[in-house]
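Heads up, the thing below is written out as structure tokens.
Going in written order, the chains are labelled A, B, C and D, and every chain counts its residues from 1.
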Amino acid sequence: MAKGGAKTWYFPDGYLPEKNSKGCMEAHEALMLFNTSEKDADVFIDVYFSDRDPVKDISVKVGAERVISLRLDHPEDLAGLKIPPLTQYALRIRSNINIVAQFGRLDTTQDNMAYYGCIGHSE
Amino acid sequence: MAKGGAKTWYFPDGYLPEKNSKGCMEAHEALMLFNTSEKDADVFIDVYFSDRDPVKDISVKVGAERVISLRLDHPEDLAGLKIPPLTQYALRIRSNINIVAQFGRLDTTQDNMAYYGCIGHSE
Amino acid sequence: MAKGGAKTWYFPDGYLPEKNSKGCMEAHEALMLFNTSEKDADVFIDVYFSDRDPVKDISVKVGAERVISLRLDHPEDLAGLKIPPLTQYALRIRSNINIVAQFGRLDTTQDNMAYYGCIGHSE
Amino acid sequence: MAKGGAKTWYFPDGYLPEKNSKGCMEAHEALMLFNTSEKDADVFIDVYFSDRDPVKDISVKVGAERVISLRLDHPEDLAGLKIPPLTQYALRIRSNINIVAQFGRLDTTQDNMAYYGCIGHSE
């Protein structure tokens, strides 16, 4: 039977790129949370930094059989937390049921577009 | 002994880029299914969205000792399902025997070319 | 104790890009094999396609405590096998001792440079 | 309970790009070490090459509930080790407690920007 992922996910490399108004796509980072179960998932996001204490327990919900995309440069997606640009941060995701989590960055600092994306380390 | 992968694979971050006729490569997303066993694999693809119910049980076959590439922007590769562009979606892949699955995006929205690719989360 | 990786690795998405003489970097794909043990590793590479039988048992050696990079567009790195460009292929790597394997593509089809890289699925 | 990652991490594909003074971002590679535990982590970095013996036991510390980013082109981040550019290398990371490790490359060789990033293979 499919387990539907895992309850804990880690992403060490968050770093919000600078906004660049010239391109037609906006630089950003995003977190995708994928819930294949028939129950809603209650998820907590913890944000870690290099030189200060983490901000923990940002609460989000992922509906049954839904995927959501959270913008990490949008405080309204993180219960008001504003992650500063050009600053190293990391994410730990904890869910009450199994989910699958992925991280993506779109950087347009030099007008051209560059991606990096990865599925997290899970437990 | 090599197991040949796993029976279930997850890809949270699907997002078909806009087509851009100026470049020499066409923006797209693709799903690679790799079967190293000596039997054909019967695979079901389930497509999940943010705001509506999933489309499940799209059936594909992967021959013994073959790899196939499905275009996620080609309905004919998905039993007629048309995934809308610029819309978050996620994939669950279920196979009757062990396979290995990978996802790739080629984005040419800004004329330049950007890749992201990953091997899925497996169970 | 560190195990040093695994004996079997899978890479579903190989696709050699076209050469483009205009940029200063040459489009290619490469396979990195990393052996942290104190013994040499005897490795076999199996190359799979969409519409024909695989080519198996290409033999390479990775020295003790060494990493090697094989060019997948160089037949001399693959015991003479010429993988055709713009053709889907996949790799299975088998080693007599634990190693770690990674795949990378550098595409310069449109003059700009695009990367994708991933550590393989392992068993 | 969340385990906080693993004690050993592997990255087969290190290759420092050439510096290119024309873009506004500097080409580099970086290693992110993420420690969610309430204890500091004592970490050793081992650097492997294709044609010479590895340099082992480069010592770094990651504070409790912190993420750090080490620049692999900065000898001061590696206890003085200078990794030569355009040379294949690989990393093994060993920690006394569980952490999560990720690798990233930013290449600007052709003025445009290209990323590749991955979470390591762990044990």
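Definition applied: a residue touches a chain if its C-beta (ideal position, glycine included) is under 8 Å from a C-beta of that chain, and two chains touch if they have at least 3 such contacts.
Everything quoted here is computed from the prediction, not taken from an experiment.
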* Structure fact -> Outermost chain relative to chain B, judged by CA means, is D
* Report same or different for the chain A and chain D interface, where same means the shared residue numbers exceed half of all residue numbers found there. => different
* Asked: How many Å are there between the centre of chain B and the centre of chain D, using C-alpha atoms for each centre?
  -> 30
* **chain A-chain B separation of Cα centroids, rounded to whole Å** => 21
* At least two other chains touched by the same residue of chain B: list those residues. => 112, 114-119
* Structure fact -> Counting only contacts in the complex, chain B reaches chain C at residues 2-3, 5, 23-25, 30, 32-34, 36, 65-69, 100-102, 104, 106, 108, 111-119, 122
* Structure fact -> Given the complex, residues on chain A that touch chain D span 8, 10-13, 15, 46, 48-51, 53-54, 88-90, 92, 94, 105, 107, 109-110, 112, 114-121, 123
